[in-house]
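Inspection log for the structure reproduced underneath, given as structure tokens.
Letters A, B, C, D, E and F mark the chains as written, and numbering starts fresh at 1 in each.
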Amino acid sequence: MRILVVNPNRVDACTELIRTVATAAAAPGTEVEVTHPASGPVVLSGQNEVLRSAIGVLDRVESLREGADAIVLAGFGEPGREAAQELAGVPVLDITECGPALAQLRGRRYTVVTSTEEAVPVVEDRLHTLHLDGRCAEVLATGLGVPDLVGRREEAQSVVIDVAKRAQGDVVVLGCGGMAGLAPAVAEAIGRPVVDPVPAAVELAQTLVRLGQ
Amino acid sequence: MRILVVNPNRVDACTELIRTVATAAAAPGTEVEVTHPASGPVVLSGQNEVLRSAIGVLDRVESLREGADAIVLAGFGEPGREAAQELAGVPVLDITECGPALAQLRGRRYTVVTSTEEAVPVVEDRLHTLHLDGRCAEVLATGLGVPDLVGRREEAQSVVIDVAKRAQGDVVVLGCGGMAGLAPAVAEAIGRPVVDPVPAAVELAQTLVRLGQ
Amino acid sequence: MRILVVNPNRVDACTELIRTVATAAAAPGTEVEVTHPASGPVVLSGQNEVLRSAIGVLDRVESLREGADAIVLAGFGEPGREAAQELAGVPVLDITECGPALAQLRGRRYTVVTSTEEAVPVVEDRLHTLHLDGRCAEVLATGLGVPDLVGRREEAQSVVIDVAKRAQGDVVVLGCGGMAGLAPAVAEAIGRPVVDPVPAAVELAQTLVRLGQ
Amino acid sequence: MRILVVNPNRVDACTELIRTVATAAAAPGTEVEVTHPASGPVVLSGQNEVLRSAIGVLDRVESLREGADAIVLAGFGEPGREAAQELAGVPVLDITECGPALAQLRGRRYTVVTSTEEAVPVVEDRLHTLHLDGRCAEVLATGLGVPDLVGRREEAQSVVIDVAKRAQGDVVVLGCGGMAGLAPAVAEAIGRPVVDPVPAAVELAQTLVRLGQ
Amino acid sequence: MRILVVNPNRVDACTELIRTVATAAAAPGTEVEVTHPASGPVVLSGQNEVLRSAIGVLDRVESLREGADAIVLAGFGEPGREAAQELAGVPVLDITECGPALAQLRGRRYTVVTSTEEAVPVVEDRLHTLHLDGRCAEVLATGLGVPDLVGRREEAQSVVIDVAKRAQGDVVVLGCGGMAGLAPAVAEAIGRPVVDPVPAAVELAQTLVRLGQ
Amino acid sequence: MRILVVNPNRVDACTELIRTVATAAAAPGTEVEVTHPASGPVVLSGQNEVLRSAIGVLDRVESLREGADAIVLAGFGEPGREAAQELAGVPVLDITECGPALAQLRGRRYTVVTSTEEAVPVVEDRLHTLHLDGRCAEVLATGLGVPDLVGRREEAQSVVIDVAKRAQGDVVVLGCGGMAGLAPAVAEAIGRPVVDPVPAAVELAQTLVRLGQ
């Protein structure tokens, strides 16, 4: 089985991080290919850049879908799943949906801990659109963008833990691809389940493929 | 005052139609400039093309915003308002919101009559995202795309009237820029108020500007 | 075009204020007539007086509708629009709907700043009835009734600004006819768009008339 | 204990019918006084008349509240409870709330069978305002106004039964004071519980008084 | 008339308390029988024990339903009403529904004051399931379980009053059978109506029986 | 890894079927143990039997949880997950949640095809409780109970296909453990994704365990 994962930003270290985490979630026999757009904004610091990055994601999907059994979009709250699904003949999974999907199996209400303040309304609106807001306790910002989350790892982990401790939900969802890999440390620190949507999406992609959906 | 109107598709006749209707809604002293993307898909027949067209719209907003007092996006159910608002220092109005805004002042529940079947879930989701679905009775498709709506005018009007007659709402919103100008004929045929969101948006844009918002 | 505006209270200074603000929102050629009930309670300090004032409003609508192209009800949260619409052959606009209608075009969530504490549940319920509560962040009271809002203008403006600064919404709606005219000062003080529903309603009334609805 | 019941219309036969049904629901020692407005519209055939009748109801409440332990408003979907509650120092119950309150104890979803088509949106909106719409399956009209419901009793009963048979709810609420007394016959005919909100309100009023609320 | 009341826990003092309060709510000629499960958990301190107690409740309903005109389940937020209704040929009332039913007639929003913190999500979920959450302001815990509520009466009353004073709702519902009888003291202390769901359910049961439902 | 699956009914053929399907969804190294209650109702034909069966399920969970890494409850719409979660120190997954969780990743709205008519409101209420109803298009009954679904396999498959063809959702969820294994045939017949919640739950259980949640 082959899973294509597309990181919407073009921060190399972030793509590398996602590759590590996504690959670790692959079953024997599953090949995970991680990529990011060939052109477009590097860091996505606004709605305009987010929308432009989606085109780069679609281009990647279009050129690399051949042979993929499922596709994972690794941007949290970002647009494009419906369009990518239209291009691909295989399941397209968005980490924005995969995180809450698992969180709702593990707890009654979940809290999303995301990157910057400006991401909060975007994530809230996306969860509302998907009818995934009914059990979302809140969306909290760390104030850290992708470069800081990926580049200043120790500090980022400490901030994520601090914010996660304030969560009202009984499960926490890491609401940014740049937080990939932090779940075990955060879970241990706060004593509650923490869902990392990147490996969650890779697992769910394999599940859909194995079940023939 | 100057209002910039951007048609997301690149069907010249549609842009021309929108120009005529939008200009007629301009008060004395208001200049209306109507444009469409310089490149990208001509007809938007899927989520992929819709998303790509949004970039062309953003490019237009970026290059033409100078001197504009407000901007109108003339695609019904299409993405990009939040991103365009970020680029523009002036109010950006989306006809998807302007139609229901006026309809809700004129009646208790409104029906959207839109283009093709595939547009129905897109419009429904967008209205849900915006919390404008509570008074939306339903979204009905005519089965006609923009080229037919614009190019086969008489037949289009007749189909829109037939569909509008089945509306459960007490007000009808024309849910496609390609239906611009049909409101008077449809209203007369069905005996209920019919909101054309293109002139509605031009009127509302002028209102926001005049009120200094 | 002729717009009839009915203030539900009988505080002369309030009617005068509404006249000034409403008239300023009239386009060339639009005549605005502002009135209040001939009898009934002067200040509306409870549900009982509010309901009784609605009859005075209906009487005014009945006797003055002849020649009016649209009617504006200038009470925020007050009953009577449906009944007035039944009497009038022309559009009847309620400022309770017009304020949120424009606010939702300008921002993601709006805060209503209203008069007294007892008005808060009334406004909340009315917005819920109209399905306009989905994007209402909150309804905040200033603690000032119409006489204070109109008669002690400077102090009123200062209190409205203080309350508006606490708004969680990214747009503020002035939730009382007695606050007419305060929008520019409040907007400047808080750095966010502020919708005055009185001129908003006059603008929207003219829009509906011009669009033939 | 003394319960004051106010019928909002001035159809004598309807008031008489309500008196019979309400009195039968009084416990030993409870005195039920049934009245209607001293002036105002006789039959309420529109929003305008409904609103005007509410003033007559408030006047009755004001003049007769002395000595009453609770007050029942016997109009289904009509305004005025909040205002009447403000006047009265005792509980004011609206049959629009009492019918659904009991129906929700007896079944999963209830259907309201009401008078004319024009009452349907009014009842729907009132139930929505009160957050009583979540378990309302639908509101169905019989097409009969109060004079027919009260004056042509046999025919009315037969029509109510026919409409009630189409109910999707597992409980039916009679949605008009003019249907008072029909519950047993309708229940027998359709084989489902049928709530008559008039005796329901008298029972609930006594309950609130006995519980000291 | 005979009403069977089943207390889901097996704390004798609680059953005795419920007997006293329930009996006081019986009209002349109404016999109230109060019982609890013959076996199963004594105190219900978790979801597991709550579910097991429901079987004991069903067994009691099965063996004692003969001759009962209505059945009251005296556990707040506990499961089993649907199953008990299936067994009984007569109305089964759950105090979880009866409390809010009366509270909604007495105020705009109600606050539930319940036993322990772990009961809060259970009560919230049950109210949501029943569509009774729309007017629920909040569910507050006292931190006291049934044994403390029943056995340390004075302290319990004082804690309930302290918590009820923080209620945002304009009516308070006592959310535990172990609080039966506290309503008058709490109401006096907080100056707002307080609904005791145990006598409320007995009253409502008699109402349903008298109305033949 | 060891997954314990508990079928709430005691129909041996059903447990056997679930064993086959669940085992097929196990990854190498995952052991799946399938069981059903030691006592209690065999077929669950009502709310009373369903509630009683839950106790048998809890007993099984209690006695067999040792060594299990996750537990799957294989009844669709049946109670007990919260109580079982309380007993188990490991994740407990309910197929009622797992089916919709995957369906929402594969489509916009899902239709549940369930067993008998009496199961419909139970499933609807459970989905509402879980906030999983927002994207549920409808719950349709086949009219077949577990014995027929399991014992008359060919006929059952044909009926499920007929009902699934009427689905308005773009994904179908098989809403009964007795339908385990039918997904491929139904999917092929209707041309839409069909989610079998039994293997879905086994897959999701393994995912949660692998992700350390």
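General observations
The rule is short, and it goes like this: a contact is a pair of C-beta atoms (placed from the backbone, for glycine too) under 8 Å apart; a residue touches a chain by one contact, two chains touch by 3 or more.
Model, not experiment: these values are computed from the prediction.
Farthest chain from chain F (centres taken as the mean of C-alpha atoms): C. Of all chains, the one whose CA centroid is most distant from that of chain E is B. Centroids of chain A and chain E (each the mean of its C-alpha atoms) stand 45 Å apart. One inter-chain figure worth recording: chain A and chain B are separated by 33 Å, centre to centre, where each centre is the mean of the chain's CA atoms. With centres set at the average Cα position, the gap from chain B to chain E is 54 Å. Annotation for chain B: residues 125 touch two or more other chains. Residue ranges of chain D in contact with chain E, taken from their complex: 25, 27-28, 91, 93, 97-98, 101-102, 104-106, 130-132, 134-135, 183-184, 187, 193-196, 199-200, 203-204, 207-208, 210-213.
Put simply, chain A touches chain B in their complex at residues 46-48, 50-52, 54-55, 58, 79-80, 82-87, 122, 125, 128-129.
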